[in-house]
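Chain lettering (A, B, C and D) follows the sequence in which the chains are written, and residue indices restart at 1 in each chain.
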Amino acid sequence: MRAVTFQQPGVVSVEERPQPELVDPGDAIVRIEATGVCGSDLHIYHGRVKIEPGFTIGHEYVGTVVATGDAVGTVAVGDRVLGCFHTACGTCFHCLRGEYHRCVRSRTFGHGATLGSLQGTQAEMALVPHADMVLRAVPDGMRPEVALFAGDVMGTGFHAVDSSGLRPGDVAAVLGLGPVGLCAVQAAKACGAAHVIAIDTVEERLGIAASFGAEPVHLGEQDPRAAARAATEGRGVDVCIDAVGDPKALESAIRMTRDCGSIQCIGVYAERAEIHLGLMWLKAITLRGGQANVIAHVDRVLAMMSAGVLDPTPLVTHHMPLEKAAEAYAIYDRREALKIVLTP
Amino acid sequence: MRAVTFQQPGVVSVEERPQPELVDPGDAIVRIEATGVCGSDLHIYHGRVKIEPGFTIGHEYVGTVVATGDAVGTVAVGDRVLGCFHTACGTCFHCLRGEYHRCVRSRTFGHGATLGSLQGTQAEMALVPHADMVLRAVPDGMRPEVALFAGDVMGTGFHAVDSSGLRPGDVAAVLGLGPVGLCAVQAAKACGAAHVIAIDTVEERLGIAASFGAEPVHLGEQDPRAAARAATEGRGVDVCIDAVGDPKALESAIRMTRDCGSIQCIGVYAERAEIHLGLMWLKAITLRGGQANVIAHVDRVLAMMSAGVLDPTPLVTHHMPLEKAAEAYAIYDRREALKIVLTP
Amino acid sequence: MRAVTFQQPGVVSVEERPQPELVDPGDAIVRIEATGVCGSDLHIYHGRVKIEPGFTIGHEYVGTVVATGDAVGTVAVGDRVLGCFHTACGTCFHCLRGEYHRCVRSRTFGHGATLGSLQGTQAEMALVPHADMVLRAVPDGMRPEVALFAGDVMGTGFHAVDSSGLRPGDVAAVLGLGPVGLCAVQAAKACGAAHVIAIDTVEERLGIAASFGAEPVHLGEQDPRAAARAATEGRGVDVCIDAVGDPKALESAIRMTRDCGSIQCIGVYAERAEIHLGLMWLKAITLRGGQANVIAHVDRVLAMMSAGVLDPTPLVTHHMPLEKAAEAYAIYDRREALKIVLTP
Amino acid sequence: MRAVTFQQPGVVSVEERPQPELVDPGDAIVRIEATGVCGSDLHIYHGRVKIEPGFTIGHEYVGTVVATGDAVGTVAVGDRVLGCFHTACGTCFHCLRGEYHRCVRSRTFGHGATLGSLQGTQAEMALVPHADMVLRAVPDGMRPEVALFAGDVMGTGFHAVDSSGLRPGDVAAVLGLGPVGLCAVQAAKACGAAHVIAIDTVEERLGIAASFGAEPVHLGEQDPRAAARAATEGRGVDVCIDAVGDPKALESAIRMTRDCGSIQCIGVYAERAEIHLGLMWLKAITLRGGQANVIAHVDRVLAMMSAGVLDPTPLVTHHMPLEKAAEAYAIYDRREALKIVLTP
């Protein structure tokens, strides 16, 4: 079968790869119909996340189940499904607490040996372990390029909001309007935020956020703290979502958030950093972070997408055949796309 | 001053009454600009809730502060305010837990000696004890007939949803589409419900619910349980709001709700009743009820109304001068109105 | 192998039965070391819960794993384990929400065709489906007759407290001091209750409750409501656990519980009943019920039992060989025992 | 009257001061019976927290109400009371959310102009604004030197545990065994922790923690991470309470805490600091901090102290007359005392 593989930083190829085979009783095999290119793929492309040359990448996918192991009960051959970007066992300490994103047996698609040696989904076929946990039926009438958001980008935006402690009537801010940030804007509005301040430097992204009902704030031209104060009688926002993953963003978040408010870092932090711990302490802010728990949320996200309450359609900027993956990655790397959907 | 007073079942009058005076340091006096007639007033009108003849009724109000006691800090003379339907002290056991609706010193406007002997707001002026807890500034640009919903009917609809445990992506049902039920429909959608099933027998009310984004179900012509199953792959709704207050409604709610779901009785129950306790137990349903905690929610409700996320405008069917209160009560009693706003 | 089977109301036998065999990849087989007789077994014994004659009964057990299917990952052959009284799949709608007690594929040991046709554990061997979900290692040094409480009676007492919403410093009441009620007393104290009122008519059980730190109240001789008021400055208890399952107990619970308090019915309700819905509504009480979610709690319960914070030892009144099961059931039926542990 | 006043870093005096007088309707005046010296007083003593020379210090107190303003309803002249270390209005944005520690009108006793110019309680008399919020009756039979912990040190230890998200059956660690850390150890056990790891370098404090049921870990001689792993099958603790307030402690907390666990910084942070944000993010740890919300907890803490579930008695190492305040501060400064109680 054909598959997109990492070769070296800046180089991906479409190569012939062996078809996947069932290994464990909980496995399924999915014939891929659509698969997305995501910001996380770019970390691999740039060599910041190191994986083996020749490893198949990609982790957003919609397709049809073509085989299942004996222990699979929820999906069956012939079902059209979407999947989550990682697997979870359902029975470990963390899974029993609903912390599927920290499952001790978790494997992430297309991230090499570091994250479980599970081949990616930018391919004609993919092996899906723990299929009952990972796959969901595509709701009737939902287009594949929409459905594939549920298990990754929209699931992540929803997670950011859901785990932030946002309550209906709150004022939220979202720092960074990449695909995840934009999904977080939409999720915040859908979950009852009275007002969402959306902050970035790219006009186009600010425009999309505005079309989702947010107040756009251009970082170079306007003052996010002033916007936060103006929307809250001077207190600061109830909830701030940092979708950037940079200490400067976190500094801004700490300053924009009200006493006893919360900050959710959905943007990735990987290093030590100096933060204004004193100000955070004085304001009694709660700080949370980490990868999204998409398995916990995927049913809710799908229900809201089916109802049109969440709708990632405006983020799909490019459709391309799988064979043009190299071009797709180059476009994405130049930040000319929000979401590229590849079709095998 | 002029005030609407209860005389005997079926008879209210507009009479001359002494102007209120400040009594306690936390009091304010409000010159009423608009005041609503509510379903609770009808209980008094019908004599089901017994109050003293000559007592001023009414508990929904918007107006201007004309006097404040020494301990009032949040509102000042000249402020345009809306109020909650009852008072709370802010310092008792219940208030310290945020259970303002069960404040041990709580008094309800316009309900006679039974609920604290606090004269009502269907009058030119009203005394408002614990003004810091009870009053809020009317947001800029909000019309008075909209603002008065925040402290009563919309606050109650929001409470029903907020305390039901509804989570974004859930499927909810609302039984009974009076003003509170319709506000609950709107609040459920605003808080992230993927789907709301709205159940009543009155076409007009079903139409309003549909315009709020709900699926209308006509109780005589359609089967609510079938609608609940259809929307949930057979499980039943996650949350059911009983805005009727009748054991038949509760029976229906128990049957429509999924295992581990919850039922919120915002409709009033005052008697013993036989319920299907066995089925509730088997399904592990949580049952909650009681008067709304509007003081806890009023800021959120106002923020959502300001943002247009909640909007009771379609419920305001009648505007009348205070002097025509007798006619207003007759119209409301014939169920020809959803909300009548009186202007002194 | 030898197994205790139901024959007809009032008659159980020890019979020869075929050894269990692995069926599904998630199965394990456990050689039973100790197995309890429980109040639920008595419902079968009395014929109130109908099961097939010849069906093996029992659902409390400790033993050693002797075989596992290919998909079992958490336990291995040779492990000493205890088990929960029912199975759960880990992947259905309810399991993904942590509602393992309402798992759509749940099967209860020893309850016949009604609850999944899963042979019981009062036998030399037992088949355990979904072993990763159901079994846990026996902590070092924990005696088998103690360990078997974790997956049933103590798990149920803990569930009653944990899902009641009890917070540290609260005052709780427990109605009914059978084994579950006594475990709930202990759990309430362990979870921070400042005061627990324990109510029954049996002196011996009141004495055990007192030894667990509760205030014993003899139902015939003392007034539970007065005790509740005395402990709470007249308000009523914060949390009331009904471990009886009778409308009279629920009536008493409603009267003893404070405004905005909660009632947890861990005692079984199976019928319609008249309750004082009006009083419950007026007091804004939350009512919860249903079978215990022991799988969600078993790790916590084991940790607390290991630490000695929970200790069911005083409840183990009888040790008997499995062959004397008929005598054991007769003793239990005469309410002469709190917990009988059978040894194959 | 006599009062302990700050003069300059390292110097406090007992001076004659004017008696306090009622100012606002919500005020009370309390004749002080016992007042504690606390670690926060030491910050003033050292000049790290700057206050005006001649300002009365102290914020832990028990006494008798001798005067009340017109709006005071909960306490009356003659009541024996204890108080919280700061005031709250009960009606602002934060108070309505139960965030009393961030009340916009909050004033802290004995901290000079920085925190509201409210004279301290190390004096014969003290003015207590918002008395209904701040004062509570001393439970029958509770000694004054015990009662004064409820509104400060034990309230803070309880807050650390309560807001950490600790659940019954969890494993907790407490870093730093000063009075607050030791109270947190006791509170963690009382709230259901199965195991508490208590970490310090002072043998005496480790001994007290052990007597409270914790596992003592000597920081210089043992490895806290190894202890955390040993108690949790290698995962790390569920909850870590940093009662130190130093980036090294926080680093240790991040390393000791399990994936999806939480860290509660009750120790004070006032500066920027470098932290291992990447590790925190990878582990999806929740970080909370800030001053304790003692008003929210004081009733619970008192109930648990009355029941003996919490008992600060072992922390009271010194009783001295108020006139010997200078000596008391010198002793406390040399870390020879855990709690010094002054008697006017």
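Points worth noting:
By our rule, contacts are C-beta pairs under 8 Å (C-beta built on N, C-alpha and C of every residue); 3 or more make two chains touch, one makes a residue touch a chain.
Because the structure is predicted, anything quoted here is derived from the model rather than measured.
Following the contact convention of this document, A, D is the list of chains adjacent to both chain B and chain C. Counting C-beta pairs in contact, the pair that comes out ahead of the other among B-D and A-D is A-D. Chain A and chain D have Cα centroids separated by 42 Å. Multi-chain contact residues of chain B (touching two or more other chains): 93, 97, 299.
Within the complex formed with chain A, the residues of chain B that make contact are 158, 162, 167-171, 187, 190-192, 194-195, 297, 299-301, 303-304, 306-307, 309.
If you check the complex, the residues on chain A that touch chain D are 93-94, 97, 99, 101-102, 233, 235, 247, 250, 259-260, 265, 268-278, 280-291. Only residues 24-26, 69-71, 73-74, 89-93, 95-98, 105, 132-133, 295-296, 299 of chain C touch chain A when the two sit together in their complex.
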